[in-house]
Amino acid sequence: MQLIIAIIKPARLPEVRDALHEVGCNGLTVTEVKGFGQQKGLDELYRGATYRAEFLPKLRLDIAIHQEQSERVVEAIQKSAQTGKTGDGKIFVIDLAHAVRIRTGEVDEQAI
Amino acid sequence: MQLIIAIIKPARLPEVRDALHEVGCNGLTVTEVKGFGQQKGLDELYRGATYRAEFLPKLRLDIAIHQEQSERVVEAIQKSAQTGKTGDGKIFVIDLAHAVRIRTGEVDEQAI
Amino acid sequence: MQLIIAIIKPARLPEVRDALHEVGCNGLTVTEVKGFGQQKGLDELYRGATYRAEFLPKLRLDIAIHQEQSERVVEAIQKSAQTGKTGDGKIFVIDLAHAVRIRTGEVDEQAI
Amino acid sequence: MTITELAFSLDTFYLLMSAALVMWMAAGFSMLEAGLVRSKNTTEILVKNVMLYAIACTLYLLFGYHLMYGTPDITTHAKPADIFFQMVFVATAMSIVSGAVAERMKLSSFLIFCVLLTGVLYPIQGSWSWGGGFLNEFGFSDFAGSGIVHMAGAAAALAAVIVLGPRKGKYRSDGSVQAIPGANMPLATLGTFILWMGWFGFNGGSQLQLSGAGNAEAIANVFINTNAAAATGAIGAFLIVRFVWKKADLTMILNGALAGLVAITAAPDAPTPALACLIGLVAGAIVVLSIVGLDRAKIDDPVGAISVHGVVGLFGLLVVPLSNSDATLVKQLAGAGTIFGWMFVTSFVAWWILKVVTGIRVSEEDEYRGGDISDCGVEAYPEFITHKQD
Amino acid sequence: MTITELAFSLDTFYLLMSAALVMWMAAGFSMLEAGLVRSKNTTEILVKNVMLYAIACTLYLLFGYHLMYGTPDITTHAKPADIFFQMVFVATAMSIVSGAVAERMKLSSFLIFCVLLTGVLYPIQGSWSWGGGFLNEFGFSDFAGSGIVHMAGAAAALAAVIVLGPRKGKYRSDGSVQAIPGANMPLATLGTFILWMGWFGFNGGSQLQLSGAGNAEAIANVFINTNAAAATGAIGAFLIVRFVWKKADLTMILNGALAGLVAITAAPDAPTPALACLIGLVAGAIVVLSIVGLDRAKIDDPVGAISVHGVVGLFGLLVVPLSNSDATLVKQLAGAGTIFGWMFVTSFVAWWILKVVTGIRVSEEDEYRGGDISDCGVEAYPEFITHKQD
Amino acid sequence: MTITELAFSLDTFYLLMSAALVMWMAAGFSMLEAGLVRSKNTTEILVKNVMLYAIACTLYLLFGYHLMYGTPDITTHAKPADIFFQMVFVATAMSIVSGAVAERMKLSSFLIFCVLLTGVLYPIQGSWSWGGGFLNEFGFSDFAGSGIVHMAGAAAALAAVIVLGPRKGKYRSDGSVQAIPGANMPLATLGTFILWMGWFGFNGGSQLQLSGAGNAEAIANVFINTNAAAATGAIGAFLIVRFVWKKADLTMILNGALAGLVAITAAPDAPTPALACLIGLVAGAIVVLSIVGLDRAKIDDPVGAISVHGVVGLFGLLVVPLSNSDATLVKQLAGAGTIFGWMFVTSFVAWWILKVVTGIRVSEEDEYRGGDISDCGVEAYPEFITHKQD
């Protein structure tokens, strides 16, 4: 089992969700985060002074999957989240030691 | 050392916290997240048009623990977070390579 | 590759960011979280009744880095985030199995 | 044009402007209550406030005014102006209830009770004093309604809260009080300022006639005393919270200002400015103690309505003899007791019947999720993330 | 001092207070619209509302009044009071447009159209009836502007929405309607209460003279009927949403109250209170159906302005004969058609030219990011995290 | 009833309504300032605004009025109406201070200064002109208080800001200005509209008598000019921000409208509408430049109070000769200098003593956490997650 962490642009969420759906992945957890990287923040203006919003809004998706799906899911996310402009985000994959479904107590492969 | 990631229903936080306390786990980090899974969102209504809040509010708990506690802690969370209805959430366990307490610089087992 | 998860006091973000910059780490993702640990919450007062804000605001930084940088980055964070008072936070390090840059599709070491 | 005709025009205008200011108080109650509940119940409290004003106006216009005043012969101003002015008062009484039962009362039961209070209970009670009934003849004195409007509304609110019970989580298993902060302090402050402004219409209009030097002097006194009592009410509350709890609790200060307003309402024309200041100051102190006391007694009133309008309304009635030599403590007590008894008992019975027949409390799950989603379909701030739990 | 002079003073004051109340409606429209758009477009809608009021006042003062009324000979009150009162009406008409085109219209194009409407289109149209022109002679009757102000504004708004198109994401590819909830319900409610209050000036001031018993009676009638129609408008909308959708949709109730106000505006002095209640009730029901209907027809109007002011404005004109025996359905229809035709056609052409010359719609990316960042440089609630996507 | 008696009633009512509108400005300042500070200091600024109004009213009622006017012989209206009207002015002056020192001033020191300003400093200064003192005899002309109220408050605010220093983080180590956006734009807009509306009472009431055709004409002029200057003030600020920074900065536009209001206040009765428009337009431009300029000079004024009320207040005084042939530039300058000197020097000394004795600035940690938690015990929006850091 693996945990995929994807940092994406908020605007791409619908596309990513649809793509995940297609590869048979139906559960995910979304967190609103702020990202900092090569993409430069927007200059905003307030009372004659500019200020930069350095941290840009991103969404973090956490998706637990079976090992064998991993490649397909990562590819699905990468394709659907891509706009080609700086700031598109990253995908990180981590090995999961264990998983449990709280409702039923099922574990590992069954839990996802 | 392991890192436990638990996605739970917000309403169960007090119970989970108490259960963690009982098994001797006194530190945790909470994130407000939105979850998507088998549980269906609520239909809301606005000006005659319904809209579905597809992503449901959940809490994500991150808890670093010693390896040997792992099983007990996971069980404590699973029991206390359970309502038996769809959407109760998941528990994921990840191996930790390293840990540091920022205040003192203590590392690994000492840091948790 | 590793993923560093640092829980810090919100007020220290500028210092930590500068320290990361110095050790050559230019990307990170920030999440607003609530922490619970040895540090006690503040008592607030409302209409004659006190209430404790048990969960304290913290920031969680996720930083993906090359293995060989790991030690330096952890040290940089620990130093810059430290105030010496309870509640300074923790740093956790996890092994990354895989990484992808969404914009270009580059993987692993290239992606970070 | 004759001078009488011009006076008629002026008096009509004066009453209409006063009534418009009292109507504005509906917005004040809405904002105050919307600021003091949690965000998950905000849309619902707004719906209640808009609907109660709408229902109160409609029922009082069609039935209540007649029940309270019969067909009075009014010559100094246009009769619709009189009806309009009296009409907005009944909404005030009902607004007091909505605050006290916030965050747990079913919308439908609330609106049914609203029909009852504004169409029947209040007009009957009002007829006893302002309608020229027995309380009036007995010598009970209540210039603009510390008792007839405010304490009356608070009595209905108290009955409601007793039948309804406290919000889930308000009292811990060990009996201690859990603070449940309201979601939006600027709204609560705005609401208070709106009420403060509207009160100039409430008290100022209650002289009912402006033309003639005596009337004008009286109204000017009413304005200055009303403002003075509100100001010192805020100061009184501030002093207490600052010295007892070391914190300048905004919501208590706001309640203090409102307490000053309620207290002066029974006789805003008569006191000297210094006495008005004193009445306000004491009212501001009383309201803080009353809110804390009621909380300890497990009477859960999210906005402090029972303390502000009920406890302080009674206080206002009892200090009338200080400035009005026709009033006596005994008459005031008797009047207050009559009004309270009528409103409390009838309301209690009504709430109890409603509870048995339709239920008056939302389900536990709906209380947890909040009335906005369950009753109204949309949250008050749908875009903002709020702490669901802490 | 003579009695005429005193009456002059009183009438001037009456008009000035009425005008101040109408000015206050600018705040009402601002808050209503700021509450009903998404937070990312809130600063922008506030800018539009402040600027449109500023531009409307300035242009009407310098040109529009003269265009509409020439140089009338006013003896019962000070002429600047008359100008001020008429001036705030034009801002109301323009406010209607800002709500309907919210969240996608370019600020610059909006302000250019504002100059046109307030400086030319509205005054010309107004001169036909209130300026003593052909509609007045024809016997078209519109006491305070259900048609001349509200439907006129709505006609311009409708033209704008047709040329502009709906907000991105409002209609799904399968043709179904996507609800886009506004960000701040307390603001929308406050806005409605402000408008409700301001309407007493809008309708009450339109009698134009207070002195004299007949005038005072008429104005008192206007106040009570205006309030009654608003109250029953809210009730009408509430009943429909409660029974059709089982939810007490706050924004529909608010629109219902406003619909009651718009409907009664064509003849607030004449109906009995019971008839005013009925007119309001029907208006509240109509507005809900109209909003849902326009939505199905893909006329995207975020705040419901076209339904509230246009559809219900027409309804208000058509029920005038019920209470005013001089008016006939035919004359009302003819008047309504003339006003609508003029405003719709001229506005449509103007919007179309603007679209071709400068563009009237923000870029797709700016629409996604919201007007606050792209046009104004600062978000409305820069500190609050909002759901950018759900 | 005699005609004099009726005029007395009318004039009393006119003053009371005007005063109620000025009282309403307290809500306006509260909302404006609550919108322009960060959310962590919102409850605290609300406490300050409520308390300053309460203290100002109480002290001026008990001492200040007497100090400023002695025991004047008033025959045209009821004396309490006069006291009430003058009383709300002093609160305005103090409100100006609260905005400028926001986000870092200790609550207790602020309230102590409030006692001093409203009980002593302002009344003494006011007695020189409106109290019939030497500035009045000298021929200094200030109809409704561009200088006596607004610039006076701004002088005290300037002294405070100099003694207090800027907010932490406002100026970067390289000397550049860090923008610190306010948390709630709709509140700031609402506050501005409230002030705009209240200003009709502020300026309109300052004629002090309505009866008589001349008075009525003057008051009507005051209303139309006040509105015109505010409107063009907004336009002036808009044009500058739009052309210089390409963004329609809402807060600058709001400050522009307020600047127009402050500028016209020195002589709102005399100018033609066109001149009033011009004065407003220039004031709107000045205020933008002044805000940017003061910011560069490291005078940190979160709401722009010193620019709006001080710089533009002075401008207003200096353009009086354009419409009032009795006034001269020299006399205006002398009057402005006297008022500014008195208020600035006494305030500076007072702040300095307060700084030494009790401290006037919150601790660095409290400034970081915000006044809401440290001084008030509850946050303004306790449920909303806000960016603690960015």
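The chains carry the letters A, B, C, D, E and F, assigned in the order they are written, with residues numbered from 1 in each.
Heads up, the rule we're going with is that contacts are C-beta pairs under 8 Å (C-beta built on N, C-alpha and C of every residue); 3 or more make two chains touch, one makes a residue touch a chain.
All of these numbers come straight from a predicted model, not from anything done at the bench.
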Quickly list, by label, the chains bordering both chain D and chain E. B, F
Hop count on the shortest chain-contact route linking chain B and chain F comes to 2
Between chain E and chain F, tell me the centre distance in angstrom, where each centre is the average of that chain's C-alpha atoms. 32
Could you state the distance in Å from the CA-based centre of chain A to that of chain D? 51
Roughly how far is chain B from chain D, going centre to centre by Cα mean, in whole Å? 45
By the touch definition above, chain E meets two or more other chains at residues 3, 6, 10, 17, 181, 184, 190, 245, 247, 249, 251, 377-379, 381, 384-385, 387
Mind pulling the residue numbers of chain A that touch at least two other chains? 31-32, 34, 44-46, 55, 94-95
Mind giving me all the chain pairs that touch? A-B, A-C, A-E, A-F, B-C, B-D, B-E, C-D, C-F, D-E, D-F, E-F
Spell out the part of chain B that touches chain E in their complex, as residue ranges. 34, 44-51, 53-55
Interface with chain F, chain E side, in the complex: residues 1-3, 5-6, 8-10, 12-13, 16-17, 19-20, 23-24, 26-27, 30-31, 34-35, 42-44, 46-47, 49-51, 53-55, 57-58, 61-62, 77-81, 83-84, 87, 107, 184, 187, 190, 375-385
Given the complex with chain A, which residues does chain F contribute to the contact? 177-181, 241, 245, 247, 249, 251-252, 288, 291-292, 295, 304, 390
With touch defined as at the start, can you tell me which chain A residues reach chain E in the complex? 10-11, 13-14, 32, 42, 44-46, 57, 59
Considering the complex alone, what residue numbers of chain B touch chain A? 2, 5-8, 31-38, 55, 58, 60, 70, 74, 77-78, 81-95
